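Okay, got some structures for you below.
In the two assemblies presented below, subunit A is common to both, partnered first by subunit B and then by subunit C.
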Partner chain A sequence: MAGDRIPIALGAAALLILVATPGLLSPFLVQFLINLFMLAALAESWNIIGGFTGYASFGNVAFFGVGAYATGVLLTTAELPFALALAAGGIAAAVFAALVGMPILRLKGHYFAIATLGVAETTREIVYNLRITGGGTGLTMPISRSPLPFYYLMLSILLATTLVNWWLSSSRFGYGLIAIREDEDAAAAMGINTPLYKTIAFSVSGGLAGLVGGVFAYWITFIDPEGVFKVSTTIQMIIMAVFGGAGTVAGPLLGALVLSSVSEFLSTQLVSLAELVNGLIVILVVLFMPRGLAEMIRKRQFSLRDFARNFREYRV
Partner chain B sequence: MLLTQVLVNGILLGGLYGIMALGMSLIWGVMNIVNVAHGALIMLGAYLTFWTFTLWGWDPFLSLPVTIGVLFVYGYVLQRFLLNLIVRAQLFLTLLITFGVEVVMVNLARIAWSSDLRQVSPDYAAANFSVRGITVPYVRLWVFCATMVLSVLFLLVLEKTRLGLAIRATSEELRAARLTGIPVAHVYAVTFGLGAALAGAAGGLWGMLFPITPVMGGALTLKSFVVAVLGGLGTMMGAIVGGLVLGIAESFTATYLGPTYPNAISFGLLVLILIFRPTGLLGRRG
Partner chain C sequence: MAILEAQGVTKRFGGLAAVSGVSFNLGDGEILGLIGPNGSGKTTLVNVITGALSSSDGDVRFRGDSIRGLASHEIGRLGVGRTFQIVKPFRNLTVLENVMVGALFGARGGARALSEARRQAERVLEFVALAHLADASADGLNVPERKRMELARALAMRPTVLFLDEVMAGLNPAEIDAAVVLIKQIRDRGITLVVIEHVMKAIRDLSDRIMVLYHGEKLTEGLPHQVLNDPDVVAAYLGRRFAEQSHA
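Take a look at the complex of A and B:
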């Protein structure tokens, strides 16, 4: 499609620059970019189930955490090489998402949202109480010297996640997911195996989040249940995807870029207020731009009227 | 004997879960908002009681009306000037905005009261009595009585007053309610205010039994939700019965399986009820 050429060209150019330059950047900027890649990859992975399939998961941090812990345990206790441990972490998260998804993907709307929230809380509790995960004291990874491998790893996972989203936006399977989002009964009537489609989408979404979690564990060198299973991580995934545009390929990338820059700037200015501001951003995004930045750019809607359109329609 | 003791403990705790869920169920049933900030409202109620108790030495039971009043006004304003703006948008968006409200409230509480554990312990906190070998702390009994009184008052408001009639009418059919002259924006705000007031009361009572922290609300939101679904959404009696069921279930599992999995218990109950009885214990079929 002709309309896709500019974003693809921009994306390719950005990718080339990102691949070529990390050696030239300051350590601070490299850390910022690794964090940005991580959040963007999480937002894109959430987008598969939340954006394309329309199942608003509020518990994807569970899969991030399972990936982090599976990788961490295999790396430290089993002393596997990192590549193997990471692959196993991704697979563990995908399998976990599929198993959890089979019962709870039968729920809809609020029920699904809260059930996923429950999954995340319960997973944290279980990890906290297991002995192999180090319980409440956490796990310490071997320390690696250079940040550059993490830079390239996160970038590759981000690229892979984005490509999955891109494939969804123009494939038979992706159209099936969109059909489920628009009208699940109609999708089923048209012959789509909706339970299978949803479970695969959930599992892929979880597996990718698990890979991110695995890299995160090794990068951050110390993981504990409180730090890994944070509700705020789920919120970041969701709000970045929604702010940029849920169900689009570029949206979550845009959202992650803008919002993580804002929060990075804020946290250097006022550390204690960073999370507070995150909450405010959630509220403002829902009020003023629930359709997302990507959509507004595409339609060039930037007047005050466009920002107010949402609550003109939905207020009482 | 232990069995009875465990049962009594569960029932006494269950009353609190009941009024938490009552507020959640009301807001959900009338406006179709799943209020993720419900736990944060409970937290706010707990801190208000903590404040009046620590600063001015008010008895936590006597300060309850103040907490209820403040939370009602807070809830009213929140709904009237924020949530009403998008109340008819997709479920996902209303849920997300209450999430934002929750994050803001929790972090403001961190700034205002710090993350330390706080406690409201009046001098009668440790007193208890025994009947046939079953020990009952006075505070727990009074807390339970307070929850029952509040539940009955609330049901009376909803069933017997013009306000309750307006709330039920708005809940059933928004447009028709507006046509009959009901100021729906106001009714929505009052509804949220009532839900917040119940949450605040629950928080004030909670603080006498358990420690208070800014992040205490997350698990309580989950429990309120579970109880609301357990009892049957929109049925107010269901919320109270559901609260007792959860209280008893938690009390038994804590005694026989250990206290390490509180959330896993309520979550397990949620999944069971959604699979086997999706309309809840007292809900209508279909």
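Take a look at the complex of A and C:
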């Protein structure tokens, strides 16, 4: 696929620069980039179930939270080395997603969205009431000196998540997921084991979000249920993926880059202005480029026809 | 030898028996026409046999083994394919990609590599005369093209038995003639076919045998000229009064 060469070359160049330069950047910029990698990795992980498989999960923060807490508890109470605790956190989130996914992936559309929202809220309440998680008081991690390990960890997880998405875009398994998104009955009739495929997609999506959560917990050094299980974190994943282009590899990356840069810039001016502009951007995206930024750049056209169609469909 | 046997297949929705005690055999390599007025249970029967709906009673055997209770994808992998009356294209994919999904999955798990699936899909598109639209978006196709793509997708699954649910609905007479030729070519490739159709001329030209459903039950079964001239069949379609007039 020759059309893929330019984005791959751009991505590789960006990666090289990001790997080489953190020592030269200001502490503020390093923190901004760690946060950007985190949001981009979350958006890419959501893309697996929401973009490729077409199951709009509004509860992926639950897996982020389970990863954060599993890593946190193992790091503090069990005093495991961070690498082991992080791996266990990712696995815990993946297993949790698979177990939760088996029943709720039978639901579709709004019903699935509401069920996942419920899962996230319930998980937060459970964490609140457990002794091992520190309940409402939260967990405090050992303080680490330099932000650079977190920079490289988040960047690696982002890279891994992006590679998973890239593999999905060009593999038999990925075609199966896309077929489920497009028409689940037809997919099943063609021999695709839809329950299994959906559960694997949900589990991988959750496991990657769990890894991000594990790094987040150690980076931020203090976690509590309110801070970790925020609905707004799921919303951010969705908005970034959809803005950039759900179901594409580069889309969630672009979405995270543009939206977090815009909101970072605006919130230095006025926080409420940043939120207002974010909201406006989302509305404009849905109207003008429903397939996202990545698709518009690829086609190099700004479609008035899409705009007219969306105008009619949404009865603005 | 019968490749597929249905015995007393029944599907009830609450108190309504959409399909009731239907039995038939499908011979290897034959074309069975399945007709009946709207609402007579044809599509429900296909849904039950292919696992899209669970059956309330009865049994279906494929190559001698019961496939009752198997999931839709398991039956697909055994080599029983189908098209949908209301076509279900993968809208955001190209025509070629749609057909590739059939080649990647389908009977016996399909092709493992995308390149192999692409080659198979290209051959199938050539066969159904859609190769010129391979890179077109499935969303932009007109009705006859969509029907052809759905057929191509099912063929790419390399099925042994294929259920065609009204693939000719919405086609003009010339397109119907082309479809009849195509379906005969599919049979010549060794695929056993069940063709659901309202276009009587096509059914008569195609079928080795015809089975008629009426109110969910099997009304009759036999050779095309016998079945289509059967007063009961005419009455089922037109009502008793018109049937008597047509014989008067």
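In the analysis below, the second predicted complex is superposed on the first by the 289 of 316 C-alpha atoms of A that agree within 3 Å, B and C clash if a C-alpha of one lies under 4 Å from a C-alpha of the other, contacts with A are read in each partner's own complex, and residues count from 1 in each chain.
In this section, a residue touches a chain if its C-beta (ideal position, glycine included) is under 8 Å from a C-beta of that chain, and two chains touch if they have at least 3 such contacts.
Small disclaimer: the values here were computed from a predicted structure and weren't measured.
With both structures placed on the common chain, the touch criterion links A:Ser232 to subunit B but leaves subunit C unconnected. In the superposition on chain A, contact of A:Ala186 is made with subunit C only, not with subunit B. Look at A:Leu163: by the touch rule set out above, it reaches neither subunit B nor subunit C. Once the two complexes are laid over each other on the shared chain, residue contacts for A:Thr194 go to subunit C alone; subunit B is not touched. In the superposition on chain A, A:Pro103 makes contact with subunit B only, not with subunit C. Set against each other, subunit B and subunit C differ in how many residues of subunit A they touch, and the higher count belongs to B. Touch criterion not met for A:Leu10: it reaches neither subunit B nor subunit C. Applying the stated contact rule after C-alpha superposition, one finds that A:Arg172 touches subunit C and leaves subunit B untouched.
The touching residues of subunit B, counted against subunit A in their complex, run 28, 34, 82, 84-89, 91-93, 95-97, 99-104, 107-108, 110-111, 174, 184-185, 188, 218-219, 222, 225-226, 229, 260-264, 266-267, 270-271, 274-275. Every residue of subunit A that touches subunit C in the complex is listed here, in rising order: 170-172, 175-176, 178-179, 182-183, 185-194, 247. Subunit C makes touch with subunit A in their complex at residues 50, 52, 71-73, 76-77, 81-82, 84, 88-93, 97, 100-102, 104-107, 109-114, 117, 153-154, 157. Subunit A meets subunit B in the complex at residues 56, 58, 103-104, 107, 109-111, 113-115, 117-119, 121-122, 125-126, 128-129, 231-232, 235, 238-239, 242, 272-273, 275-276, 278-283, 286-287, 290, 310-311, 313-316.
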